[in-house]
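Structures given as structure tokens follow.
The two complexes that follow have subunit A in common; it is paired with subunit B in the first and with subunit C in the second.
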Partner chain A sequence: MSASFDPSARRRAVRPVTLLVVAALIVLPWIEPDKFALHILSLIAIASIAAMGLQVLLGYSGQLSIGQAAFYGIGAYTSALLTAKLGVPFPLALVGAGAAAAIASLLMVPITRLTGAYLAVATLGFSIIVYLFIQNEEWLTGGSYGFIGIPRAELFGYVLRDQMSSYYLNVGVAAIVYFTFARIEGSRFGRAINAIRQDADAARASGIGVTLLKSECFVIAAFVAGVAGSLYAHEVRYLAPNDFTFWKSIEMLIMVVIGGVGSLAGAILGAAVVVGLPEYLRAIGDYRMLVFGAILIATMLFGEGGLAALFATLGRRVAAVAMRSASKLPPGNEAAR
Partner chain B sequence: MGALTVFQFVDLMVGGLAVGCVYSLIALGFAMIMRATNIIHFAQGEVMMLGCMCGLTSLWLLPALPLLAVVAVGMASSGLIAVAMELAVYRTLRRRRVPIMNLITATVGMSILCINAARIIWGSEPLRFPELFATTAYEFGGVRVSPQLFWIMVMGVAIMAALQLFLKHTRTGLAMQAMAQDAEAAQLMGANLTRMMAYTFAISGMMAGAAGIMLGSMFFAFFEMGFITGLKGFVAATLGGLGSITGAMLGGILFGLIETFSTVFLSSAYKDGIGMILLIAILLVFPSGLVGLWQRRR
Partner chain C sequence: MSTTADDGAWLLQARSVSRRFGGLLAVDAVDLAVRRGSVHGLIGPNGAGKTTLLNLVAGVYRVSSGMLRFGARDITQHSTAKRARAGIRRTFQNLKLFGEMTALENVAIGLHAQMRAGFFDAVLSTPRHRREERSIRDRSMAVLHFVGLAGLAHVRAGALAYGHRRQLEIARAIVARPTLLLLDEPAAGLNVTEAAHVSELIARIRDDGTTVILVEHHMDVVMRVCDEITVLNYGRRLAHGTPGQIQEDPGVIEAYLGRSGENERAQA
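Right, the complex of A and B next:
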């Protein structure tokens, strides 16, 4: 077990927790075959794909984008157009949606020279332009009437008709994105963008091509946002401009921050909270978003590293308490119980 | 389209300037908070909306209230709300030294909280303001100007001038400026940092409150009105050069004019988009906004 001494090798190895989560996700539909629950889980998987893209952009390379909904929307409409109007098979449309979003993001590459709030406002501007395009170009997108008649996803001639198979599709793609991005962290590319986030000038002085790498992160984030959009289009099978407003970008940002900036698993947790919590709170009706806002503020107050750090600390504490109670519990405490 | 008569041009100009004043006031709030704390205060639009709602409520209670009193109510309530946000949440977050992204996300949470609280309190229907201004047009050398737009411009300019005077010529104002430039040095010189921070939020809230009353009287009072207007204020502040007071004022007025004229000359459907394209173009050439251009020239 000499490999376990090398921290980067250990990080790259699949951890037991990850295996457990994957196993749970595979058996889940058999335990809970409720259609609506599986649909929500699919939406969470889709949101987590886009959130992981933003995590690479914000958490890894330190670029704040509040316009990811633009790429999500471009992906969704591209996929819808390709399959419904041109009869392109779904797997091609999925890749095409990602590619379309990535190409659109190339338009924005010059702005990666901007930093902080300036970058944020430029991405915001771009997303408003894309939203207005979706809203106004009725001949192409259906405008505010929405885009209807999007076919179901199909893989190798097999149409994913039931909720369970589309659940597997969405979770599967999310898993692929997760395991791909997990490899970035320890890689040369990952270390380089980490250096850029910490100090762009120092990184440039060490021979890192700052502008190029920043742009690459931008394109990667746009590509996965486009893929997520495509999956969304085929999951819901109806697109309306209101699904791609500035609010969607903010939702993605909340996912990343609430889950923990810099943590890939955090992005997934954040997606689960942002998509799942309002569904869970549906019972309280009008007060739902009020409570959501309060929870968001409270999370910021109490969890610095987001949910990912919170869970990690919780896990360590539970383990420590378990260890202590197993080995050397003072007798006085026992009596008090 | 086509040629414009002088009168139409003046009409558009006045409308653009009035809307621009509203954006300027909101942008000022963004700029002041950005200077002092480095955060994008996403709840700024909601502070404006709440000021508008409170002003309208005061009119429901006392229908005879004069315009200036309504503006004062709006400013006071928005100022108090912004200070409450600072004291209850942002200050605590800063003390814990949380990453800046958490602070920004907390302001988003604040915005969600305010929008939904307002919807529960004031309902989701757009509310119309009673007539606050004279209805007969003023005439300046044969050019007719709507009293509403005229007074909005006058008030906007007066409030901004008062702010400039306050920042340049009072002890508190100077301390706030100093704090924005170098918090530690200002503290060593005896400025009370926490108090200055509260003042910053109070003033940016008051600016937003005044903007809220103006905007509400021009269009409607509506629980979601702060969202898109707040964004435009943020864009205007960036256009001017974030963190610059003069830049925010100019950026707001410029954005108002661009928006008004592009609606007429280009396309009303893409009205919000044209401002954004210009914004991106300006940022590409001058990555630190219009103030960067100004400073480079000098």
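Right, the complex of A and C next:
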């Protein structure tokens, strides 16, 4: 989150990579039409939506929440209820799920005055309450029996029956969220929440309404978490309270941190690692979570910037080597940023 | 910038303002009247309550008793952000810049309250967003010129030299053309040349129509640039007058510029 007012430099640096990734995601199902692989990619896209929301909250505005699973759960069950019990069309339920989570997050407004560990524990408390609600209100949520019979997603009267179309739905929504949040950088709103993270006192002294902006970030993060929950409900079509425990919140936090705090692309990379890696490690059975944990530690040892910074450094190195071999310049300039 | 019209000569009036921290009366029934368009010095030995008084005016602390008038309005209960929006801006003794942002972005934050574009304006890149961004950039750049940092606009604030950071804080505080500027030791840690530059900058800020309250230990800066001075000691007002009067006030000389004062002067 820097270099606003300097859009030319930034665009040139980011655009080709972004276009490449988008193109790859579009053609991917044609190269790898395996249902299971597309399902995992959908789950990664869904997780990345929630993670990007948390990135805005933590990475941009500096508020640590370990209760995002609450909003994810509220979104999932809202969407399930709206479609399965009330026959609301999916697109409406998707937005409704986000709205329900956003409204629930307004309960958090009083606690945005808290910071650091105090805020984190308060969000945790909220997620415990939501979990217990899902677990115990059987008449509404099915309780520990789970919520069954969630219809498939449908768009414009067309039911997304095959895995490929639901892949496009999930990745498409993730892309919309990404490009929406990317706009925050270099805007008045983006600078202000960035300022709050770096020094709330100085932000106040500049006339920034700190509490209001912090609350806005909570609402934004909750909205997209709710949207992610809705997509999850229609992807898996079965909800159980255990999908929305404290652990889910921690997973989202891991995504943001290993991806790189403050980096939107990092949140997606983090989601890919946290959701995808355990699947690839299935071959080693019970050891997979052990290996997964070790990989998390190793990623953190590489540096605070997470995977996003790691890739950026790697990219610069490769570019420097390529430049040098192309122009045969003497070495020693690659460290310059 | 947005104060209500008030034809009184006083921009800021603190009436019998006190602030208690537990058992300590940091500021004890102090009266302070700041003339519109002046540079008002706030001096006194360490622990005299200068910074506390400044923080009371800025709204960081609420007064334990007494009242604060800014122009025609009573701001005693207003929050820091509300006072900032009303036209009271400040710098900090221990620099509080946004280290990861560029110098230009730091100044842009100072204009936050002047603008309206929110989250959706940014996402949709509305005309308002684009218009405001342009005006923020132009105005911020102009202020960087004013303080002499134009060449460093795109440098990260955290990477700037110490003296430049002091100037940047002032730039961020004045970009919105505040009515009242609170400077908390703007020359602290600066060498003689840099301190002279700050004095000259303060005079230019006043000449542009901003009233200044200056807390400063550099006596040459205070005496050169202040129109009036209030002296604090042990949280109480010891004296009030022009620099000439203050320098000759026997009470001040004894408490502040006396024997130990000579040492301080030499250090400064």
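Basically, the second predicted complex is superposed on the first by the 315 of 337 C-alpha atoms of A that agree within 3 Å, B and C clash if a C-alpha of one lies under 4 Å from a C-alpha of the other, contacts with A are read in each partner's own complex, and residues count from 1 in each chain.
The definition used in the following text is that a residue touches a chain if its C-beta (ideal position, glycine included) is under 8 Å from a C-beta of that chain, and two chains touch if they have at least 3 such contacts.
Just so you know, these numbers come straight off a predicted model, no measurement behind them.
Trainee: For the combined arrangement obtained by superposing on subunit A, do subunit B and subunit C clash, or do they fit?
Mentor: Taken together on subunit A, subunit C would fit alongside subunit B, as the superposition shows.
Trainee: Where does A:138 make contact in the superposed view: on subunit B (first), on subunit C (second), on both, or on neither?
Mentor: In the superposition, A:138 contacts neither subunit B nor subunit C.
Trainee: Identify the partner contact of A:58: answer first if only subunit B is touched, second if only subunit C is, both if each is, neither if none is.
Mentor: Once the two structures are laid over each other on A, A:58 reaches subunit B alone.
Trainee: For the superposed three-chain arrangement, provide the angle subunit B-subunit A-subunit C between C-alpha centres, rounded in steps of 10 degrees.
Mentor: 80
Trainee: Of subunit B and subunit C, which one touches more residues of subunit A?
Mentor: Comparing touch counts on subunit A for subunit B and subunit C gives B.
Trainee: So, A:184: does it touch subunit B (first), subunit C (second), both, or neither?
Mentor: In the superposition, A:184 contacts subunit C only.
Trainee: Applying the touch criterion given at the start, work out whether A:122 contacts subunit B, subunit C, both or neither, answering first, second, both or neither.
Mentor: In the superposition, A:122 contacts subunit B only.
Trainee: Using the touch definition from the top, say if A:32 reaches subunit B (first), subunit C (second), both or neither.
Mentor: Neither partner.
Trainee: When the two structures are overlaid on chain A, which partner does A:162 contact: first (subunit B), second (subunit C), both, or neither?
Mentor: In the superposition, A:162 contacts neither subunit B nor subunit C.
Trainee: Please indicate which partner A:199 is in contact with in the superposed arrangement: first for subunit B, second for subunit C, both, or neither.
Mentor: second
Trainee: Once the shared chain is lined up, is A:286 touching subunit B (first), subunit C (second), both, or neither of them?
Mentor: It touches subunit B, and subunit C stays clear.
Trainee: Just how close are subunit B and subunit C at their nearest CA atoms in the overlay, in Å?
Mentor: Minimum over all C-alpha pairs: 8 Å.
Trainee: Please output the residues of subunit A touching subunit B within their complex, sorted ascending.
Mentor: Interface residues on subunit A, with respect to subunit B: 58, 64, 110-111, 113-114, 117-118, 120-122, 124-126, 128-129, 132-133, 135-136, 246, 250, 253-254, 257-258, 261, 286-287, 289-290, 292-297, 300-301, 304.
Trainee: Under the touch definition given earlier, write down the residues of subunit B that touch subunit A in their complex.
Mentor: Residue positions touching the partner: 34, 40, 42, 89, 92-93, 96, 98-99, 101-106, 108-117, 119-120, 231, 234-235, 238, 242, 269-270, 272-273, 276-277, 279-280, 283-284, 287-289.
Trainee: Which bits of subunit A are touching subunit C when the two form their complex?
Mentor: Contacts found on subunit A: 1-6, 180, 183-184, 186-192, 194-195, 198-199, 201-210, 216, 220.
Trainee: Enumerate the contact residues on subunit C facing subunit A in the complex.
Mentor: These residues of subunit C touch subunit A: 58, 60, 79-81, 84-85, 89-90, 92, 96-102, 104-105, 108-110, 112-113, 115, 117-119, 121-123, 125, 129, 132-133, 136-137, 154, 156, 172-173, 176.
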